[in-house]
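First the structure, in the form of structure tokens, and then the observations on it.
A, B, C and D label the chains in the order they appear, each numbered from 1.
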Amino acid sequence: MKTLGHLINGNIDHSEGRTQDIFNPSTGEVGGQVRLASKSTVEEAIAAAEAAFPAWRNTPPIKRARVMFRFKQLLEEHADEIARLIGQEHGKICHDALGELQRGIENVEYACGAPELLKGEHSRNTGPGIDSWSEFQPLGVVAGITPFNFPAMVPLWMYPMAIACGNTFILKPSERDPTSTLFIAELLMEAGLPPGVMNVVNGDKEAVDTLLDDPRIQAVSFVGSTPIAEYIYGRAAANGKRCQALGGAKNHAIVMPDADMEYVANSLNGAAFGSSGERCMALSVAVAVGDDAADKLIAQMKQQMEGLKVGAYSNKDNDFGPLITGAHRDKVVGYIDSAEQQGAKVVVDGRNPQVAGGENGFFVGGTLIDGVTSDMTCYQEEIFGPVLLVMRAESMDAAMKLINDHEYGNGTCIYTRDGEAARYFSDHIQVGMVGINVPLPVPVAYHSFGGWKRSLFGDLSAYGPDAVRFYTRRKTITQRWPSAGLREGAQFAFPA
Amino acid sequence: MKTLGHLINGNIDHSEGRTQDIFNPSTGEVGGQVRLASKSTVEEAIAAAEAAFPAWRNTPPIKRARVMFRFKQLLEEHADEIARLIGQEHGKICHDALGELQRGIENVEYACGAPELLKGEHSRNTGPGIDSWSEFQPLGVVAGITPFNFPAMVPLWMYPMAIACGNTFILKPSERDPTSTLFIAELLMEAGLPPGVMNVVNGDKEAVDTLLDDPRIQAVSFVGSTPIAEYIYGRAAANGKRCQALGGAKNHAIVMPDADMEYVANSLNGAAFGSSGERCMALSVAVAVGDDAADKLIAQMKQQMEGLKVGAYSNKDNDFGPLITGAHRDKVVGYIDSAEQQGAKVVVDGRNPQVAGGENGFFVGGTLIDGVTSDMTCYQEEIFGPVLLVMRAESMDAAMKLINDHEYGNGTCIYTRDGEAARYFSDHIQVGMVGINVPLPVPVAYHSFGGWKRSLFGDLSAYGPDAVRFYTRRKTITQRWPSAGLREGAQFAFPA
Amino acid sequence: MKTLGHLINGNIDHSEGRTQDIFNPSTGEVGGQVRLASKSTVEEAIAAAEAAFPAWRNTPPIKRARVMFRFKQLLEEHADEIARLIGQEHGKICHDALGELQRGIENVEYACGAPELLKGEHSRNTGPGIDSWSEFQPLGVVAGITPFNFPAMVPLWMYPMAIACGNTFILKPSERDPTSTLFIAELLMEAGLPPGVMNVVNGDKEAVDTLLDDPRIQAVSFVGSTPIAEYIYGRAAANGKRCQALGGAKNHAIVMPDADMEYVANSLNGAAFGSSGERCMALSVAVAVGDDAADKLIAQMKQQMEGLKVGAYSNKDNDFGPLITGAHRDKVVGYIDSAEQQGAKVVVDGRNPQVAGGENGFFVGGTLIDGVTSDMTCYQEEIFGPVLLVMRAESMDAAMKLINDHEYGNGTCIYTRDGEAARYFSDHIQVGMVGINVPLPVPVAYHSFGGWKRSLFGDLSAYGPDAVRFYTRRKTITQRWPSAGLREGAQFAFPA
Amino acid sequence: MKTLGHLINGNIDHSEGRTQDIFNPSTGEVGGQVRLASKSTVEEAIAAAEAAFPAWRNTPPIKRARVMFRFKQLLEEHADEIARLIGQEHGKICHDALGELQRGIENVEYACGAPELLKGEHSRNTGPGIDSWSEFQPLGVVAGITPFNFPAMVPLWMYPMAIACGNTFILKPSERDPTSTLFIAELLMEAGLPPGVMNVVNGDKEAVDTLLDDPRIQAVSFVGSTPIAEYIYGRAAANGKRCQALGGAKNHAIVMPDADMEYVANSLNGAAFGSSGERCMALSVAVAVGDDAADKLIAQMKQQMEGLKVGAYSNKDNDFGPLITGAHRDKVVGYIDSAEQQGAKVVVDGRNPQVAGGENGFFVGGTLIDGVTSDMTCYQEEIFGPVLLVMRAESMDAAMKLINDHEYGNGTCIYTRDGEAARYFSDHIQVGMVGINVPLPVPVAYHSFGGWKRSLFGDLSAYGPDAVRFYTRRKTITQRWPSAGLREGAQFAFPA
């Protein structure tokens, strides 16, 4: 059985130490082990990255970008293999894994534009004979810490741009499903990246804390749950680092009475249950405006959910797969139980799915709960499972108030045909990513990804234009070339 | 004798409570008192700002900008009065205070461009029939905490842009010289700002901590010393806020042998001693490359320093004024003493200046110290006084190493005629603001201000384009209008 | 009776020569004369502008911008006087003239941002040790030729930005109503502009041709009718100049059945008849989708048009004023006649308005014509009078085809509540400025103004960001500082 | 012997009609024929492009960009074959042809960033409840007309970006060396472009005039000589089209006395003689400041030119190859003769080069002429051959005056170590592309290429950011969604 090591300075590292099992959640079986990096192993990676920095930062941006062009090509050539690796350890179905990968590749494509994106601003004659310009220089060694639910995509949000900007990188991926992540990093090396520019350390809290505390790490990008995001953000800041930490979500859709309910149910079906709801952009609450809209929505959902197929990643006819661990499966089931106990009605119950051959897998079927209110546990917390809550609001304003009062502000959506409703919603909703008839409003790679409120800590969003700013440091140069014969009086006043 | 209150919700507030003396540092006399806001007073200001936010954020940007147009006009009309208020409490000479104000006005001018600066990015057809765009929406209530050394300029770095972006603001200025700051804020109200959009609370740590901890404050901008900057940054982050905290500096100039020494000495004279060196961009270390350059520089400096006049703010023939407090004067003198004790040579000694009528003022004269080495206390710490250290390096690389090894990275400068030297320096020096033959490379208002290393904590610099990003939150909208007849299958895969 | 001269090199010039009457169209009386510049007078202005160029282009952008800040202030202080001057010679009602001026001032506000807008792009390390950046340098002497219908606004689209970019300017305004234009230009001189930077030559074709042919003129901006725009564009190009020439329009509104007809009629009332329809953005054709919508629209329009008041500029209760000349009044009446003859129905007839005291004024009342088809003269040509045509289309696609088939493509609008309709319309309509429920979709000053098809000749639109590009020339600098010891082999291959 | 056809609607077209010989200039032999498109053949191509436009403009930009990603890959895979095709018909040496191709590929790389580059600007609340945004929509069918000297690169400046922006394209390449151009276009089809999006018509003036006059062609890009550029620009404009027409050049280098003459001579050697000087950026005049600098430069040049090897393209040891035709060879020799006759001194004479095996080839050797003055024919006209003129100026200002007085303003360079000289030069020289110690300051693909004065007609430069603007049309949408209950008075005043 394989044991996954680290990628340090261009080589796979198998330092002795702690390991952890990697499961196949479709079967519940252990498929291998992953090494958990000790502090000294992480420090070795940091040292390699630090040593690689000066030459890489001096490499012209266009040459750095060309590594990304080759990387894109390699990712496309190995797409099926990557999807299989994702499926084995995460459980998501092939077509979903390919979708994830494609979204990751879009970030590589964006990083190919680094020479354009790194342009500074030049001003002639800020004063007489004085010019000023800005440059966006790389930071040095930067780190990324990524979650289990997108082992390919979320890392690709981070390091292609960080590296194209001239930084060197340490990635600490999820220890639940690290194999595809490492495989992809090796493709990047194959694309021509010098050793030490990209490093992967597998590990747990020891690795994370080392990255947070080591003074050589200049910046940390994190995606995960809100409690950990807060921890990361506070600790990185206490160490003087820049940090962006993306946390949890509770994404609501408002369903207006004028919406086409068949379209709504169709699109919610995918947005709520795809990838078992283990997405920070999963649409987990539908707020119908008016009982009539709610009843129609429930009816449509029931009908459409009859066709839902849950099962192993390898069968592409399945709609979604298992949850990541047995413990998480139990937690999701617990949320459904609590909803029932607190007075909601489980309209479609996924608690005991029949999955042929998956008796030991971590499956929960698509679940629809009606009559949810804002005081219920299932509403207040992020479930991260294939569970869609339905709520009823008297008006669009009441529906919006629900969303604006929730602690999270990642994604949201409105279903309507009405231009005024859409405009009012998008202007006033306190959420970072807003869909109009789009239930998963994940920005494309040339925009940036970020929630509001307790869904993101930091100034700058992930990927896209914001990533260029996050992974670089502004330098402003003010230049004057005195005439050879010039003699001037000293200036004591602040130059105006 | 006057007692300065707070500006809350458009009114001057004189809540009872603690007060603190305000000195005239040119005479050492107390000129008034300032009220120190209690927690509840600060909370009252926050509540006013929160109440004012919804209407202000809905005011079109062009209308917000027009308040800034009027504000600029009022600042220009009251320039002399503002300069006098600055001089009385800070001690800087009129022409210097006017220079500071002018730099502040430039930031108001920049804020007049808010409609342009707030533009988001729009993409048609991110997918078939799908559009996406970004908006930069205001954060809500934001706070600024500013230092004594630029009572007009540094607050103007912050609130004009914050407010033009649609935020409401709480300013906590320095309690040493708060009068000009408050006066300027009242001009902003006169320019037509609705009550509650701009608030000033005078105070000390109690006020600061209230701002850092109150969940209604969305972001904090700070300028001050590095230990406080670190405290602010860590505490704001622990509370989940965005924060930019600008700290101390030790700004070096490299003097190359090909530089025109008369020009160098002229410009260093102003950059080292102007405003008594109480500037985070003061040029406090000159590193001469080669002994020959050093000797010529020392000779020129001695000659030019003979003409330096230190004295009260009100005499515009003076070059610079007193330090801010008696305690700070003693600290600066202590650094000069320590340099002498640790082996450096005080070439020009400002420790006992003769200032007619200023016997009780907090004066230190211009001081030049030769033979400084990197192990001395006077080199390792920020002096913030009219003291210029001279060091000698064997080569340009050795001089650059000194700078790159220092904990601060705010400003720096090279004096040379040589294009290659200038380019190499500006590319490789680890400092955020770089001058080429410009000893105070403060970026103009349409660029941004920020140091590197322990001179700035955060992602984004102060004022200019970065301020727009700091004071706004990205929202990305993804929009699709389904055809009335459209029926589509649910998408379970992540949309690629 | 006054005779209006030229503004050349900071002075009012009264060279002898031809003159032309200026009418008060509200009374039909002659109010003064305007001098018509000869070729040599225009050349004198060009010479002044050429002489002023070098110093002005070397003036830092921020100082140029500050002239615009003062100009804005003067325009606001003199707004009523300017509105009166416009009204006397153009005929538009005070509130409309103030609206025009305010739109002009917005362009001055935008020009205040010149330092930001002129930034070039800087790239470090385009190759090893090689940097490149772009600058946007002024062109030299540029010219503007403007129409009678916006004597304040259209010139302000041009010269504030041209001048803020560092150019010097020759304006040739309409000889019909030149007084307000000249008055405003004098305010700009009062704001502190050096002599020769801004010049106004009144005149006719002789002046225009001189500007088009003189090799010292680098660029020409024109706004007027399409035949003249074509002439200007072709002749300027034949002389090697850059040119933007804005021509005529036929702006359609599509009225969808779901639109609120009261809102539609309200807004069309202003958009069709305001300023007597003498606007290139006037909404002159309403295309109702379905007869039902058409009938409702006609009914609403009839009702609302009953309240329309046409009369002299000086009575602010009037809704709109006279046409510019008697000849133009006759031409407009002729279009109404032709519509009737070709089978359309004049629902509201403005051909013989009763205007107390305006018996000799050039008035036509608001006119509504139903049953218009695309083969009628009144449809094919631009009327430029207070005439609204109503057409009927079977579908939205048929309505859009009408618009896309018309030779003009300036502005258009759709009235609907439906998001899908609005999106489809804005994507596929072949028109440069598109309104969604906005009948006069004139872009704000920080966007740019430009039609498509035969409404604009050139690459770049008027005002806003495009004006910065039109009035500057890109310069790209590639810089390398060879190491002192460097020796390299010659490169014969094209550097890759 | 092959006969080259056209690429129309995805197929190679061999319509009957006129043909023209294609020479191998290294041997003087005819290598094939090229068909010359008749008017009807060109119209067929235009029709194909027009038919392909609607679907292509609706294809999301990211999908259009992905065709460019694949195109880049194919170009790299076929680089050697392309270089051979270039060499056979143009004569340039392999390494030079590969350099040209690489520069072309950079433009493809840039076009891969189309989704980023096409972003419009979005403004929320331009007025209360009103939003505005701009889009950059494709024009339709656009044409490019390209010269013989860069058969791969110059077409690649144009169509990758035009096509990535959503246009369809007709290329009319040079009839002297069309084979590599067509081959490359076929690779683009292989990359997945739909038929009709890219078309190539070979031809002469008949084809050109058809493109200039056909109303379906929206825009024309041209690179060639100035007389033709003027013709193209004037005729396209007379037809109402947008046009950018790049013409001839006379590129000067100023050699300052402080320059390292060995470096200067090295770099001039390549810049003057590479590709036989048949480059619009060839450095053809060296202006030495002071006789001493001139004498040293001449001495260094003589020495370095001894090693110059002229010969056939296939031998990569050669430095440069033949001229394009016998007629052009004679013209270049004529310029050298005239220089001699008018008093200049031919220091190194390339008029009768000995090229083994190339007796019938169109060779001229590297030629150095001293004592050139501004009244000589060889100075006033563009030679486009391997001839470097040396002039002497008394001062830098005198040298700059020479450049600023010349009718062309394409490229220029200064050799110096002095920062002040470089800054003064780059600010004040009237040339579009400026090198500081860089003799061929061709902007990289993410900047834009364009000369000043009679070297470029039009507003926008070639490739880079300007190409995005040239190949798109701005559309500005202003949107308001009225509240359902809203009733407002009509607005007759112009909305302010």
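The rule is short, and it goes like this: contacts are C-beta pairs under 8 Å (C-beta built on N, C-alpha and C of every residue); 3 or more make two chains touch, one makes a residue touch a chain.
Just so we're on the same page, UniProt names per chain: A, B, C, D = methylmalonate-semialdehyde dehydrogenase (CoA acylating).
Computed from a predicted structure; not experimentally measured.
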item: Chain whose Cα centroid lies at the greatest distance from that of chain A; value: C
item: Superposition of chain A upon chain B: rotation angle, C-alpha, nearest 5 degrees; value: 180
item: Distance between chain centroids, defined by C-alpha means - chain A, chain B (Å); value: 35
item: Computed distance of Cα centres, chain D from chain B, in Å; value: 48
item: Whole-Å separation of chain centres (CA-atom averages), chain B against chain C; value: 43
item: Contacts with 2+ other chains: residues of chain B; value: 62, 106, 115, 119, 121, 123-124, 126-127, 134, 417-420, 422, 436-437, 444, 446, 479, 481-482, 484
item: Chain A residues touching chain B - in the complex, by the definition given at the top; value: 93, 95-96, 98-100, 102-103, 106, 121, 123, 126-127, 130, 132, 134, 153, 230, 233-234, 236-238, 240, 242-244, 260, 262-263, 266-271, 273-275, 279, 304, 319-320, 417, 422, 426, 431-438, 440-444, 446-450, 452, 454, 457-461, 465-466, 469-470, 473-482, 484, 486-496
item: Touching residues on chain A, where the partner in the complex is chain D; value: 62, 65-66, 69, 72-73, 106, 109-110, 112-113, 115-117, 119, 124, 129, 131, 418-420, 422-424, 427, 444, 446, 479, 481-484
item: Contacting residues of chain B [partner chain D, same complex]; value: 58-62, 115, 118-128, 133-135, 137, 416-420, 422, 436-437
